[in-house]
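Let me begin by handing over the structure; questions about it come next.
For clarity, chains are labelled A, B, C and D in written order, and residue numbers in each chain start from 1.
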Amino acid sequence: MINKIVQTMAETMSGIRDGSVVLLGGFGAVGQPNALIEGLIEQGAKDLTVAANNAGVGHVGLARLMELGRVRKIICSFPRSSDPVVFETLYRAGKIELEIVPQGTLAERMRAAGAGVPAFFTATGVGTKMALGKESRDIGGRTYILEHALKGDVGLVEAWEADRWGNLTYKQAGRNFNPVVAMASDLTLVQAQHIRELGEIDPDHIVTPGIFVNRVLHVPYGDPAGF
Amino acid sequence: MSVTAAAFKPFTRQQMAQRAAADIPEGWYVNLGIGIPTLVADYVPMDREVIFHSENGVLGMGPAPEQDKIEPWLINAGKQYVTLRTGGSYCHHADSFAMIRGGHLDLCVLGAFQVADNGDIANWATSDNDSAPAVGGAMDLAAGARRLWVLMEHTAKDGTPKLVRRCTYPLTAPGAVKRIYTNLATIDVTERGFVVLDIVPGLSLADLQARTEAKLHLPG
Amino acid sequence: MINKIVQTMAETMSGIRDGSVVLLGGFGAVGQPNALIEGLIEQGAKDLTVAANNAGVGHVGLARLMELGRVRKIICSFPRSSDPVVFETLYRAGKIELEIVPQGTLAERMRAAGAGVPAFFTATGVGTKMALGKESRDIGGRTYILEHALKGDVGLVEAWEADRWGNLTYKQAGRNFNPVVAMASDLTLVQAQHIRELGEIDPDHIVTPGIFVNRVLHVPYGDPAGF
Amino acid sequence: MSVTAAAFKPFTRQQMAQRAAADIPEGWYVNLGIGIPTLVADYVPMDREVIFHSENGVLGMGPAPEQDKIEPWLINAGKQYVTLRTGGSYCHHADSFAMIRGGHLDLCVLGAFQVADNGDIANWATSDNDSAPAVGGAMDLAAGARRLWVLMEHTAKDGTPKLVRRCTYPLTAPGAVKRIYTNLATIDVTERGFVVLDIVPGLSLADLQARTEAKLHLPG
């Protein structure tokens, strides 16, 4: 019997290696895999490259991971959050690398990794600093730049419902980056608010099928805590 | 700058938003950038169906909820609580940006630091040396939407013109802006450059030109 | 009030021009927009390029459109259906162009068109006849070829449910190419089995949002007729 | 060809399918090509959970339905009626092929015209001059799945070897095949070439070699 549901955080996090590329779902406080990020802090892997939309808030979660010196590089679209103190301090001290990626390019690079597309052309960033050092090409009368897939060794995802095959649904704006993180990552770890019996989720309503999921931990934390 | 200081009252942010809202027809799919552009939604009456898109996978966004009706899972790209209109839907980030990048939005309204009369927009960094500039979805929106309008003050706080011949700040996208709504005027960006559609009452074209680096043209 | 629901086939088909690229949803007999294809036959546009998974069966639908000499070129993955007589006759007589595209590349080219990606690299077809004349490139130690977006002037889609904003759902394997056809086409025409009130479809369950849809015709034809 | 015609009984298609099925562990995501490979599903017991994928957006495919329980909207890539197992799901074609092309399938089993001992597979056209060859999803599957196995007769009907040094038919993918199940043997494709894992009872390695164009090796 396939059973991707695991019982402990330690089991969820097992096998994450130093130097991993970690992709994070979530946007704002909604759909953020906070428990898994705490688990990663506990687990101890270092020299990480983390891709997420933001670069952490306050001194918790991703910010805490950075503060502990475990993040070598961050890939994000918006390093300035409401309270980016940890990132900014590290960045000014030259202790963390930053790769700024337009938000849509970030999502598309993850989706490309999941879909077997190693590189694609896009109009976003053409004629800007984002195009520096990138191949550009005219196609059909418009200029595009080449962007590469962003694959995760590990993906951290928050879902609303999950079953033992790893099928997932999301709630409202909690979907955001989570489905593309799931498909782009070699080891996709999920924290789910609700565990369902197999078959309880309508097959037409499953958003992330279990083929993109490795382990599921039940974390019924309730509503996002605000921003 | 010898400007005839005629008696005029600049548009408020609300008036700027109202002016832009009046130009959005029913049925358009529209993304409103963070800041002043967000106000535009308040001036589109609910019975004129305009479908607002938010980068984080919300299509058919409605106004902010009443305090006791907040849905904690329903925010917009500015991370404010919003509502979903009847007929709205959710999708993931790549699908949401497919709407933007695939040319499916009729309009995006952004704020800006500078707009040049060739349509270049600079709205994400004020210096090439900015240590950690935050671009978010601005480049996707500027490059992807069918039309880009800018809603901003006509000049910076110190009076420096924001409508310029060439942007000096790092670009968000080249040649993208089609129209600008400022607190002083409404201006189209055309092949001729800036074309003034209307000016706040009491301000002459010469007065407006004095506050604008690039040359202003009249229609026709 | 936005109302994409139209009442007549003539209204649905209005404005389709000679020379259009027409993308067809459907796989086998399931999710095929048969009524719309009949409508296109009636409408009269010619010199069409049609992209679909198959090249028509018997003498109806797409096969009939070809038989009437209205199709200049067909783009498909599998021209051999159970009864491909019309296509094979025309093809042998040199009266129709054929572009064979691997099925996944066909779907991805449509998705790319919808997502603003004019071209992308893929491993499918590398080292085969499909790679002839195409740019190839090594990325990360593997060879890929460059494929281009396939945009439709017109897309014909079959949906299970639709509302007046053009939001769609599909039934089971009836989903297939339909969502990518919808997003890839400038003018997306939908035949829907069921028309729902706005808001009746759960916002989390809408598969194709109305932004990708132009017109919806109610065609409650029931189950697919077999193959 | 002077072959010692020893007494042996080639595997039936059912036996070939059974042999391959025995090698599929629980939890794998598997796509079965049209034709003989489809039979493999019949020999994976339902309590060993193997998740079958079909190109047309069906994940978790179950066996054919009873006649009175046909779901008219539920077919597989071979356009046969199928069922959906509890836990299965539907998706669109680009998402379905993302599973294939993104390397998410543990295994694909295809039929073939020829397999070469460098792993090349030819299974979609028997001539460069084929007027309208039908490729379907074969190239996506061959290039995208983590493992490609082939299930086919050991020789063509006229006795021509199908396990060859170099494919003469147009390729589906180069260097993709990892294992071949034929009616005579099970053969791994390795860096050394073909390595024989087992042979149908009564047939010697020499007999098998006589029916095989490329050189056969023994393990180790």
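Assume a residue touches a chain if its C-beta (ideal position, glycine included) is under 8 Å from a C-beta of that chain, and two chains touch if they have at least 3 such contacts.
Just so it is clear, the model here is predicted, and its values are computed rather than measured.
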Contact-pair count is greater, between A-D and C-D, for C-D
Distance between the centres, which are taken as Cα means, of chain B and chain A, whole angstrom = 29
Cα centre of chain A to Cα centre of chain D, whole Å, reads 35
Intercentroid distance (Cα basis), chain D paired with chain B, Å = 56
Any chance you could list the residues of chain A touching two or more other chains?
-> 108, 111, 115-117, 122-123, 170-172, 203-204
Touching two or more other chains, which residues of chain D qualify?
-> 84, 90-91, 94, 97-98, 100-101, 144
Please give all chain pairs that are in touch with each other.
-> A-B, A-C, A-D, B-C, C-D
Flag every residue of chain D that touches chain C in the complex, lowest number first.
-> 54-58, 71-77, 79, 84, 90-94, 96-98, 100-101, 120, 128, 131-140, 143-144, 170-175
Touching residues (chain side chain C, partner chain A) in the complex | 108, 112, 115-124, 139-140, 142, 144, 148, 169-172, 203-205
Enumerate the contact residues on chain C facing chain D in the complex.
-> 27-31, 55, 77-80, 82, 87-88, 91-92, 98, 100-105, 107-108, 110-111, 122-130, 170-180, 207, 223-224, 226-227
What residues on chain D touch chain A, complex-wise?
-> 26-27, 29, 47, 49, 51, 53, 59-60, 84, 86-91, 94, 97-105, 144
Name, in rising order, each residue of chain C that touches chain B in their complex.
-> 1-2, 111, 113-117, 163-165, 167, 183, 198-199, 203-204, 206, 209-212
